[in-house]
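Next, two complexes with chain A in common: one pairs it with chain B, the other with chain C.
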Partner chain A sequence: MLQSIVHVCLAGLSQGMFIWLVASGLTLIFGVLGVLNFAHGAFYMLGAYFCYTVLASLGDNFWLGLIFGPLFVCAVGYFVERYFLRYVYHLDLPYQLLLTFAFVLIFDDLVKIVWGAGSIGSPTVPGLGGSVSILGRMFPTYSLFIIAVGPLVALGLWAALERTWAGRVIRAASSDREMAAALGAKVPLIFTGVFVFGTWLGALGGGLAVPYVGLLTPGMGEAVIIEAFVVAVIGGLGSLKGAFLGALIIGLLSSFGTRFLPTFDMFLTFILMALVLLWRPQGFFGEASR
Partner chain B sequence: MNSKGTHAIYLAIILGLAVLGLVADRFVLYMGMRVMLLAIFAMGYNLLLGRTGLLSFGHGALYATGAYGMALVNLHLTPDPLLGILAGVALATACSLIVGFFCVRHTEIYFAMLTLAFGMMIFSLIWNLRELTGGDDGLVGISRGSVLGLPIAKDGQFYFLVLFFFALTLWLIHRLRGSAFGLILAGIRENNQRTSFAGIPVKSYRLAAFVISGVFAGLAGSLGAMLESNTDPFSAHWSHSAEPILVSLIGGLQTFSGPLVGSVIFVVLREIIQRFTQNWMLWFGVILLAIIMGMRGGVMGGLEKRLKRGPAPAGKGEGS
Partner chain C sequence: MSKKGLTRRQFVKAGLLTGTGAALGVGVLKPTGLWAAPAKIKGPVKVGYQAIMSGTLAGYGEFHKMGVVMAMEEINKAGGIAGVPLEVEFRDSTLKKPQAIQNARYFVDSWGADFLAGVDSSGQALALAPVMAQLGKPLMVTHAATEKLTEIEVYKKGIKEIFRICTPTYQDGNAAAFVAQGLPAKKWATISPKYEYGYTCWNMFKDTLGKLKPGVEFVAESWAPFGTTDFRPHINTILDAKPDGLYSVEWAGELITMIKQANQAGLFKKIKHIMLPVGAAMDVLEGLGAEMPDGVWISGRYFFMFPNDQRNIDWVARFRKRWNHYPAYVSETGYSAMYAYKQAVEAAGSKESNAVIGALEGMKMGSPAGERVFRKQDHQAMYEVPWGLTTTNPKYPFKVMGKQVIIPPSEFFNRPPFEGPNTHPPFKG
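Showing the complex of A and B:
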């Protein structure tokens, strides 16, 4: 029993950390730009595909793929923000959401054209491909690696936002666009930068997903983006701390749900989302001023 | 355009569709029914989005409750199509009352996310309760039977049932938009606070708009189940809610005829693009981008502006 619970917890943690990697970029972009980015799932997918292509063409080296793959996606993110998203910040919510949704449609099909509509099997990571024995049962090493990477990314983000000058300017621009601009901050540039960085986080999640999910499919971003939405909402839209906690909760909930209540696994996730929205729409750590 | 002229146009459209039903081949009939079903869905939906300013991702699920309600009654109780449609619409109404009751407490992004959560709950139930809903297979083998002794098994006969409900929807939505109720909804969109200061219970009106749009989603769903003679679990998925949004946007959010024109363009364009390429989503995304970046009034919004002001003054943008 203990063995089973520990393993379910570990699976939940790795699932949660994995969702966090994707939700962090989504949350950062919403927190600063105020746009809920549907295309984030597409960036995740592009990250996975670019990572795969780079690693396949550089002699199956996963780490090179993880470093260089997401950079291509950053270029895509720059293009999206600079030439499209920038012009809809002042518009109503439906237009912003639909603009990012349009990119989902476009990227999903572009991936089909470039990489083919079928699934691509992915290689294992040298050194992390095996399993280790925990309480007498095998657990994949790569999942442990993901559990470790999640908090590292969280720590890095926290340090970048709270402890650096650039982070301070970003926080200023996110809390009051006009005042920050009046004080000389180049707000459009900051927005582009944050969007590209958020895109990089999503693409990094996609790159890390390559060995984790095992198969790359053109629709792989869509399942993830909804989980990331749930996490971002539960934590409080725009709150990174909340997203981290929300990801842990959703990861554990779905892991326990799959184990003990398989029929209502998905239902539980969304009922939690609805309950949080009704009881505390600002989420666990969101600002109360809405 | 005056209201008499408008009425004449819509009467002509319905008569034209009736004539089409008598002469057209099966393919055109099928396309026509798809357009009308989408238009019913979108016209109801646009009462919420275009009129009240609320963006819902839960209407795919309400569409599906209509389809599944209809299918369940049809398969287990009675093959009577009208009773089936009634059951589908009743189930969709009940669901929209429950979902709406919770969702209208919020607006903007929180409303959108709540509808997403509730819609996905319905989706997960449909997906997982295999014994009842058939899971990922959906429910199959829905029969059409006959209405008041008239058989509707063939597409050429069923077409007129769809046309009847389409005309009914057109008339009801038109009446609703012009009524005090419809104007209050527009007031809520333009200024939430002012409307509530005028002594209007804003939440109740939002709920009413939500339920009405849910009723039409359910109607479209139950007719859709009869047209395809099966139900698709993915119609409950949140992404299916994007369809009426796209349609309204193409035609023009703030206009009555927008969803109608949008439905025609959507269905026909999809058909044409699919002839040439597998990747119709790509082209659809590009069109959507162009609409959002360049002509946010949609086709009818742009046309209306032009008719009102005469030719558009040069160098002036579309505005927002």
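Showing the complex of A and C:
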């Protein structure tokens, strides 16, 4: 029984950290730009495909793929923000949703044209492809790696936003666009930078998903983006702290639900979201009103 | 509009013929047989084909298309269907029921389809049955497998328009039980999809194996929702129950993910007998490559190595030449669906729905998968698909079937009237 609980816990943690990696970029973009980026799931998918292509063309080196793959997606993110998204910041939310959703459809079809509609199996990661025995049951080393990467990304983000000059400017621009601009901050440049960085986080999540999920398919971002949205809502839209906590809770809840309450596992997440919205509509760490 | 005109003209023509015949007297000109029917089929034979072409399962749509396009090219090069060309239009079915119904209506009402084919999801197939009855055009299902489609919609409710050319869940549930009967495993468990297809297969497997081998136990079930990317909690559930056999109708990408994660969790070292009713799909075998363990029981709706006859060998060679790919099972069922319509139209001498439905009922046809017979009562095609053990073969970059077992469809297909004694296997006498 202990063996089972420990393993369910570990599976939940790795699942949660994985959702966090995707949700972090989404939350950052919403927090600073105020845009609900539906295309984030598409960036995640592109991240996976670019990482795969880089690693396949550089002799199956996963780490090179993970370093260079997301950079291509950043270029795509720059293009999207600079030439499209920038023109709808001042419009209502539905316009932003429509535009970013359009990109989801475009990228899904582009992936089908470039990489084919079928699924692509991924190689295992050298050094992290095996399993370790924990209490007599095997657990994948790669999942332990994901459990470690999640908090590192969280720490890095926190340090960058709270402890650096650039982070201070970003926080200033997000709390009052006009005032920051009046004080000399180049707000459009900051917005582009944050969007590209958020895109990079999503693409990194996609790249890390390649060995985790084990295959690439067009539309692979759709399931993930829904979980990431739930996490962002529970944590408080725009709050990185909230997204981290939300991802942990959702990961553990779905893992324990599958094992011990299998009839309800699909509802648990949404029941939690409904309860949070009733009890604290702004989420765990959200501000009462923006 | 034009359809109306055509019917009226045919009606007038038939009336004239009959009139002339009557005037000339019986025996001089008898308006029967070829005379009464239009002498030749007018216009192309149009088939509306829908399959999933977007999202994570988009690869299946491509596989359908490869088979159908190849059939169309071959048929038209050889003179078409009864002298007129075959035309096919494809539409993305997604996995949503309203989309499938909308596609069917578009095909018939706007595009002027004579026949429909395709459909991957069991839920969509069941939703389409009453719509097809209303539209009055045949639909040849090439992938959706639920037995309820043919047992209830066709047999019980009498919806004549539905046919199925692929093996139904009998292959996944009943035939699997016949194979499992011969294995030493006594305790079985499942990880299967949390929807209609998963439930119906596992219940059938339990039911049939329980009758074939009294004393087997079914110790755990874990249901994975559509879109699952993390099977670890499910694998934990199964390992906790300590079964000696695992049965799973996970399919496509999710099956690939499950096998990889089960490998990492050491599941195949703990559980010796694995049965994957749709594990012989090409996307799964190619996606897993060497990561598919040896000695796993797999099956599907068709496997390119069976039957080992000239017709199939030639077809696989032509298919590889055309697409640079081994044929997936939906490529074969899509391909053969076109030939089924060709044979039925030519036998009926008409593309009119009732005539074609009549020709299809009980029709025997040769196909790459071997000889098929459409059972008259439920419109289900009966043909052989092997169950086999995975093995490494240096000729292929993926695992293939080594040892193969064939169970005759007459022994494991449920029989009409589908209720009461001796309608479910094992059959007496």
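Quick note on the criterion: the second predicted complex is superposed on the first by the 289 of 290 C-alpha atoms of A that agree within 3 Å, B and C clash if a C-alpha of one lies under 4 Å from a C-alpha of the other, contacts with A are read in each partner's own complex, and residues count from 1 in each chain.
FYI, a contact is a pair of C-beta atoms (placed from the backbone, for glycine too) under 8 Å apart; a residue touches a chain by one contact, two chains touch by 3 or more.
Keep in mind that what you see is a predicted model, and the values were worked out from it rather than measured.
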Quick one: on chain A, after the overlay, do chain B and chain C clash, or do they fit? Just give me the call.
clash
Thinking of the overlay built on chain A, is A:E222 touched by chain B (first), by chain C (second), by both, or by neither?
both
Touch check for A:L277: first (chain B), second (chain C), both, or neither?
first
So, does A:M266 touch the first partner chain B, the second partner chain C, both, or neither?
both
Who does A:D108 touch here: chain B (first), chain C (second), both, or neither?
both
With both complexes overlaid on chain A, does A:G214 touch chain B (first), chain C (second), both or neither?
second
In the superposed arrangement, does A:D60 touch chain B (first), chain C (second), both or neither?
neither
Look at A:D176 in the shared chain and tell me whether it touches chain B only, chain C only, both, or neither; answer first, second, both or neither.
neither
In the overlaid three-chain picture, which partner chain does A:E162 touch, first (chain B) or second (chain C), both, or neither?
neither
Clash list for chain B against chain C, restricted to 23-31, 41-49 or 59-67, contains only 23-31
Just which bits of chain A does chain B share with chain C as contact spots?
108, 112, 117, 222, 265-266
What does chain A use to touch chain C in their complex?
4, 7-8, 11-12, 14-15, 18, 108, 112, 116-121, 124, 130-131, 137-140, 142-143, 209, 212-215, 217-220, 222-224, 254-256, 258-259, 262, 265-266
Residues of chain C touching chain A in the complex
53-59, 61-63, 194, 222-223, 225, 227, 229-230, 232-234, 236-237, 239-240, 252-253, 256-257, 260-261, 264-266, 283, 286-289, 291
Residue numbers of chain A touching chain B in their complex, please.
36, 84, 87-88, 90-95, 97-99, 101-106, 108-110, 112-113, 117, 222, 226, 229-230, 233, 237, 263-267, 270-271, 273-274, 277-278, 281, 290
Chain B - residues contacting chain A, complex:
49, 53, 55, 102, 105-106, 108-110, 112-114, 116-118, 120-121, 123-125, 127-129, 238-239, 242, 245-246, 249, 253, 278-279, 281-282, 284-286, 288-289, 292-293, 296, 320
